[in-house]
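Quick one: structure below, then a few questions.
Read from first to last, the chains carry the letters A, B, C, D, E, F and G; within each, the first residue is number 1.
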Amino acid sequence: MGKRPLDILNNALGKPVIIKLKGNRSFRGTLDGYDIHMNLVLDNAEELLKDESNNDSVKKLGSVVVRGDNVVYISP
Amino acid sequence: MGKRPLDILNNALGKPVIIKLKGNRSFRGTLDGYDIHMNLVLDNAEELLKDESNNDSVKKLGSVVVRGDNVVYISP
Amino acid sequence: MGKRPLDILNNALGKPVIIKLKGNRSFRGTLDGYDIHMNLVLDNAEELLKDESNNDSVKKLGSVVVRGDNVVYISP
Amino acid sequence: MGKRPLDILNNALGKPVIIKLKGNRSFRGTLDGYDIHMNLVLDNAEELLKDESNNDSVKKLGSVVVRGDNVVYISP
Amino acid sequence: MGKRPLDILNNALGKPVIIKLKGNRSFRGTLDGYDIHMNLVLDNAEELLKDESNNDSVKKLGSVVVRGDNVVYISP
Amino acid sequence: MGKRPLDILNNALGKPVIIKLKGNRSFRGTLDGYDIHMNLVLDNAEELLKDESNNDSVKKLGSVVVRGDNVVYISP
Amino acid sequence: MGKRPLDILNNALGKPVIIKLKGNRSFRGTLDGYDIHMNLVLDNAEELLKDESNNDSVKKLGSVVVRGDNVVYISP
């Protein structure tokens, strides 16, 4: 099976990750934990947003638990 | 696995949380309970709404049980 | 786990509840039963509707069984 | 758990029911059977439709098996 | 439980059925098989279509295997 | 249960099939394998497309693994 | 069952693949791992995008873990 997807998450613990969710939401933060459903714990999380003028902005969220079924991809 | 997502919820019991649901709904309240499906119990819950003029408003809901499959993220 | 979500439903048996479903449907009625899927039994149920002029109206449904996967939240 | 949702369906066997499905479809008919997935058997089933002038019309379907994951609610 | 939904399908084997799928697709054909997921085998299957002028047309498909999670209802 | 859906797929191994996916995607190719989730292996696969002028075109994909939950129907 | 879908993925380990996701997202990269849910590990991954003028562009992502339920097809 090559590298297992959850092992890649394990290697990314404590490191910055980009998370893309369904509905085109993007977050970045430090991966602090996960489980077999790909539920994720992010620390110092920020949601990456576009404002009305299509400029990038950032919404600071602190610690978040993301429910795994929303995840499209995780990029360590 | 680092910090387990459900442990983070456990640590947040009795504390204020922000909940983002699919369909862009937002709630805040005190996390009073949860289960392995991420079904949640919120006390003093409020739904955070935009009115027609895009101003913020709040709808007080008291106690609510949120079905877990609606959850995008929970921010303690 | 604090208060378990299904225990909250159990405490609400025989009492009035508001149910919000996916697709922005709202019901109120007396919670007469539930199961582990959050399938619900409501008695004296009413669907809360907006008419064309955005006025509130009510559709009386009597007894209904709601399939749990439609539920967003239940407010006792 | 109060009245169990499937017990309510059992009590409705042989009686007329209204079924609301996702996508705003409505059926009425005699409930002739069900299973634990809320798959349903309706006899003398009719789909309740709006024509182009928003008038009610009815499409007779006879016997139908409805897959349970489409169900929003069942009203005996 | 009255008549079980899968028993109704069993009784319909070898007989013509109408199948309505999510996304408003309709098929007719001879029900040649099914399984517990409501995956279906249709023989002499035809998809029932509307052309641009809203006239009915038919697309002959021969034998088809329909994945059960698409099914809204089956009418024997 | 009549002919089982997966047996029909087994009989189609090594033969040309048409696959219709959710979102109105169509593929044709040689069915080279499948599993119980209806995950499929197609060889010499082509996606059948409409260009801007609504003319048919074809995109050659070679070998593809299709995830079963996308499948609407398979026509051998 | 012919060639099993996951065996095809196994044969593609270390080789370039194209991944099509729901919502019409496309990625290419080296398949570095997978699991039974079709969660995937891609190395040197790139998302294939259209810019406003409908020209192709590429967003380099490095290593990504894709959650399997987003996958439409994988082409080795």
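Annotations
Quick note on the criterion: contacts are C-beta pairs under 8 Å (C-beta built on N, C-alpha and C of every residue); 3 or more make two chains touch, one makes a residue touch a chain.
Small disclaimer: the values here were computed from a predicted structure and weren't measured.
Among the remaining chains, none touches subunit A as well as subunit G. Mean C-alpha positions place subunit D and subunit G at a centre distance of 41 Å.
Chain centres here are Cα averages; for subunit B and subunit C they lie 18 Å apart. Among all residues of subunit F, those that touch two or more other chains are 69. Moving round the ring of chains, first from subunit B across to subunit C, one meets them in the order B, C, D, E, F, G, A. Of all the residues in subunit D, the ones that touch subunit C in their complex are 1-9, 18, 22, 38, 68-69, 71-76. Residues 10, 13-14, 21, 23, 25, 31-35, 39-41, 45, 61-67, 69-70 of subunit E are the ones that touch subunit F when the two sit in their complex.
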